[in-house]
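Below, chain A partners chain B and then partners chain C, in two separate complexes.
Showing the complex of A and B:
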């Protein structure tokens, strides 16, 4: 392992450590029972099977959005429409499940595949706009999310709403289309396996296939990619389509696994969380499940903490923010990095004999 | 007080990418001398001077200025201590006048708010007169030729009270005539008591103008010598550590089929300025067609058009008798064209990817290295390892990021990649710029090998030595046109070529030599 990799790991861990430490200090300052709060935050999720199950359940959608955003960010497509992709994925899966009568084994597969396709269209629109009109993908993708939200609210209210239910929710998805739980005492569903497979496939795609290679080269240096003969526009579009597909898939899986009715009337935030995960995982889908687990654990811990003490869950939002700030801050620890590199360079000086 | 203006003792500088640019170097200046700092690109000359000028802070070492130990924290600090630097790339504001540039940052004030422009002009005129620089101080910098811009830079430093003047490769951008004029000025500055550090790797220039020379190689000092007492051969030996092969063995030229035909090529720049002006030429297999010229005379735009990077051109470019206008860059590459780009960092590589990924970019799609979907990792690793060995790329492994390598090694990675596809046409744009002599000579040797094997080469270079050594046929580009074309490279002198490069001389009848009707 060279000093650079070592340094990156060290910096990420240190960032997490510092962020947690600051959060603890905040808890200490604001809570009447700080010790209990910190203990709950850190060990709460381990207290029962059900609670640990909560961590895994929360991790599943994060893996999907994390992998999707990693694919898009690897191509340097800062496409933020993931939020919309996830949302429409959930909606499409619900609509398909309610309106088709397919055999039990096939129905959920069709639902989530179509959810994926819908998701890919959402992220592709800003990409096409960028290619055709050179509009800023950041702005257009951001706006997509609201477009999708209100479109989905409209569909929910006028087409699939169950009038007999007390709130704005859809009709119940047929039982046979829903995912079954796989661990007794929890709500962990087959989606976990799909998520892990998606992360593995995402890794294989980016690092072992031709297309994935083209995508990474384009992301690292677009001019170099073009000069090398890579069709940059094609890659831009493919990365958005694929990323959106994975995220949309996640939306479908979430509905079939965790909900029996479509009830999302506001954006859920998994698209944003994916940016945190992508940052922690350094855009590598292989690391996404770990980053997703970390975030899910922190969230579950926070929720347990807020239920049993006087500290609000919002404290972990501060923690997340700090982690991101520290991880992306290039100059953080740069002096230390320089020292480490200088030391290594000096050490190798003795070994390199000059060619006379 | 001793006669030593400056002493730099045991300076060491390590860059963030781990490169030890300067290792334990000691350097002294005697008042009123012109002191050459000699060394190949990457030897650490510029870094040492950046340390002196406060741009880089050293890991260790001591700077003694006028018998007092000091630290130079920033360029401002350096200027206040009487050190001035003229960079290779000028630090001037093109849209301002000469006078405005000279007083920039230390403007004479009318009241507290406003600049006294008349005073600025007056001051500038005075200082130009004092040093015998003939410059119209009211003209805009962007309208001036390079030689004059350099004078403005020097005046700028003098106005700020520079006793020690650092000139970073001042002749690199000058024509032979402009160089002569610069030397006269420098000698005058010396008479006035200024001390000059002259960074260069051109031995004859050092012989001509310098009193002493400190030679650097690989970040170390190889000693300081009186220029009068050391021969150029000895200097070059100290500089490179081996005798440089100045002439290459080339097989006699054996022209084969015409592989590229360019007819009436016209390219406009982004601002609508005509960059390539109705250019026509043929390129045959087995020849190196050298294109010399001062940078910015359309060479870059010509390359962009013939390599497919820019499709917005008029005229015709035929590669193997096929019009490439509708062809993608990939198709052009697949027809056998390789391209060593002018700027290796923007076009030539992805610096945050490893060597393997960088070599793969133009050949990952080949049958040997990939299937329909998957890359053949093992085969790729083998190929890359072979290339690293063959091209003597100094690295820890193929997994090292390209950005961590030295310039010469990055260029070797670029060349290894471009040549490993067995090209039939090589477009080499400044293939050895800014790299050490070992790497440069290696790359030139390779180019010749490909030419001997029947490859057609277009060599664009600002390095006259390089175009002279390598070319079978030579053209000089001036303002988007060929100002002159020489079938026999040996028949033209450097001075002669300089005239063409400056636009003083111009041949109209190029037909027949440069292309067939």
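Showing the complex of A and C:
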């Protein structure tokens, strides 16, 4: 392990530590029972099988969005329409499940695949706009999220709403299309396996295939990529399509695994969660499950904390923001990095002398 | 019926009202973009400012003092963004996303801590800036009804268009901001400290966005609700881009968005179209507008380079 990797890991851990510390201080300042709150936040998820199950359940969608955004960010496509992809994925899976009669084994597969395709269309629109008009992908992708939200609300209220239900929710998805749980006492569903496979495939694609290599080169230096004969426009489109597909898949899996009805009437924030996961995982799908586990653990802990103490769950959103700020701040701890590199250089020099 | 509603002075009046917060943020985005930094934290600054406005106008029992403190804090958030981007070399988009996240969580957390309210600041007795009837102008038929009787911040936002224009194009600091944004190295070579200029630009950007945020809870509405900026910071980013990052251009585009917003409000009441589809209007307008604008810009660029 060279000093650069070591430094990166160290800095990431330290950033997370500092962000947590600041959050604890905030809890200390505002809560009447700060110790109980912090203990609940950190150990709450371990208290029972069901609660640890909650962590894994929460981790599943985060893996999908994390992998999807990692693919797009690896190509330096700052496409933030993942939020919309996830949302439409959930909607499409619901609509297909409600309106088709397919054999039990095939039905969920068709649902999530179509969810993925819908998701890829959402991220592809800003990419196509970028290719055709050179408009800023950042801004157009942000607009997509709101378009998708209201479009989904429209479909929900006019086409799939269950009038007999008390709130604005769709009809229940047929039992045979829903994912079965795999661990008794929890709601962990087979989506977990799909998520892990997606993370592995994402890794293989980005780091072991020619296309993945081209994608990363384009992300590193677009001009260099263009001069080396890489079709940058193609990469822009492919990374967006693929990223959106994975995220849309996640939306479909989430609906079939965790909900029996479509009930999302506001943006869920998965697109923003994906950013922190991508940052922690350094855009590598292989590390995404770990980052997703961390965030899911923190979330579950926070929700347990807010139920048993006076601290609001929102504290974790602050922690998330702080983690992003510190992890991506290149100059943070840079002095230490210099020292580490200098030390290593000296050590190498020393070795050389000894050999002589 | 819709056409009648669209041609009524009430519609234009509402459009101007809806334009106000977007306009402030658009000007904020223009100043930042001219200095070469995309300020995507506008969304978070507006959200924080909407809460600060409620808290400080209640604390001081003065809306003006509340606005003043809110602006200072907005400028401070701009400074924090600049610090991370310029001193700690943080990616400007990721830093902004982080600030927006902290705003989403922080505002709810703060409101809960201060007042015990969740979601809506109903127990905080906040103050609003007044609506003003303009003498003489209010007597002009049609136009008077549109322009008069707006919130005073709406007038200030219109004045700010001129002020920011003069600032960017007629003052030494404005010239420096544009110089740094155009070519950092060239500006450095004539002795301009690009860091200092970008710090200043982002602080000014924060001040302007804070005014827009204050208007949300101290003019447009009379209370703070969770996530009340509702993507206006992002719309402003788009409006500013479409307006070529100029104050006048940004003003015209934000008027368009304000009108789309007001139109969707009218349609919601009329209910001849599904409410949800109408809500898509401002965002669809932005997306299509952005595409058309960028396309024309691209064509122009190609034409120029072709010759």
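Throughout what follows, the second predicted complex is superposed on the first by the 349 of 356 C-alpha atoms of A that agree within 3 Å, B and C clash if a C-alpha of one lies under 4 Å from a C-alpha of the other, contacts with A are read in each partner's own complex, and residues count from 1 in each chain.
Basically, contacts are C-beta pairs under 8 Å (C-beta built on N, C-alpha and C of every residue); 3 or more make two chains touch, one makes a residue touch a chain.
Computed from a predicted structure; not experimentally measured.
Undergrad: Specify the outcome, clash or fit, for chain B and chain C once both structures are aligned onto chain A.
TA: They fit side by side.
Undergrad: First (chain B), second (chain C), both or neither: which does A:30 touch?
TA: Once the two structures are laid over each other on A, A:30 reaches chain C alone.
Undergrad: Report for A:286: first if it touches chain B alone, second if chain C alone, otherwise both or neither.
TA: neither
Undergrad: Per the contact definition in the header, classify A:147: touching chain B only (first), chain C only (second), both, or neither.
TA: Touch status of A:147: second partner only.
Undergrad: Quick one: is A:18 in contact with chain B, with chain C, with both, or with neither? Answer first, second, both or neither.
TA: Neither partner.
Undergrad: Could you say whether A:200 touches chain B, chain C, both of them, or neither, answering first, second, both or neither?
TA: Neither chain B nor chain C is touched by A:200.
Undergrad: Thinking of the overlay built on chain A, is A:318 touched by chain B (first), by chain C (second), by both, or by neither?
TA: second
Undergrad: Mind telling me which of the two, chain B or chain C, contacts the most residues of chain A?
TA: C
Undergrad: Which of the two partners, first being chain B and second being chain C, lies in contact with A:139: first, second, both, or neither?
TA: second
Undergrad: Would you give the minimum C-alpha distance from chain B to chain C, in Å, for the three-chain superposition?
TA: Across the overlay, chain B reaches chain C at a minimum of 5 Å between C-alpha atoms.
Undergrad: Under the stated contact criterion, what part of chain A meets chain C in this complex?
TA: Residues in contact with chain C: 26, 30, 78, 129, 132-136, 138-140, 142-147, 150-151, 153-154, 157-158, 269, 272, 275-276, 279, 312, 314-322, 324-325, 328-332.
Undergrad: Show me the residue ranges of chain A that touch chain B in the complex, using the header's touch definition.
TA: Result: residues 2-4, 208-211, 213-214, 216-217, 220-221, 223-231, 334, 337-338, 341-342, 344-346, 349, 354-356 of chain A touch chain B.
Undergrad: Mind pulling up the chain C residues that touch chain A in the complex?
TA: 38, 40, 84, 87-91, 93-95, 97-102, 104-106, 108-109, 112-113, 118, 231, 234-235, 237-238, 241, 274, 276-277, 279-280, 283-284, 286-287, 290-295, 297-298
Undergrad: Spell out the part of chain B that touches chain A in their complex, as residue ranges.
TA: Checking each residue of chain B against chain A gives 14, 16-20, 23, 59, 218, 241-242, 307, 309, 328-330, 332-334, 339, 341, 346-353, 357, 360-362, 364-365, 370, 373-375, 377, 396, 400-401, 404.
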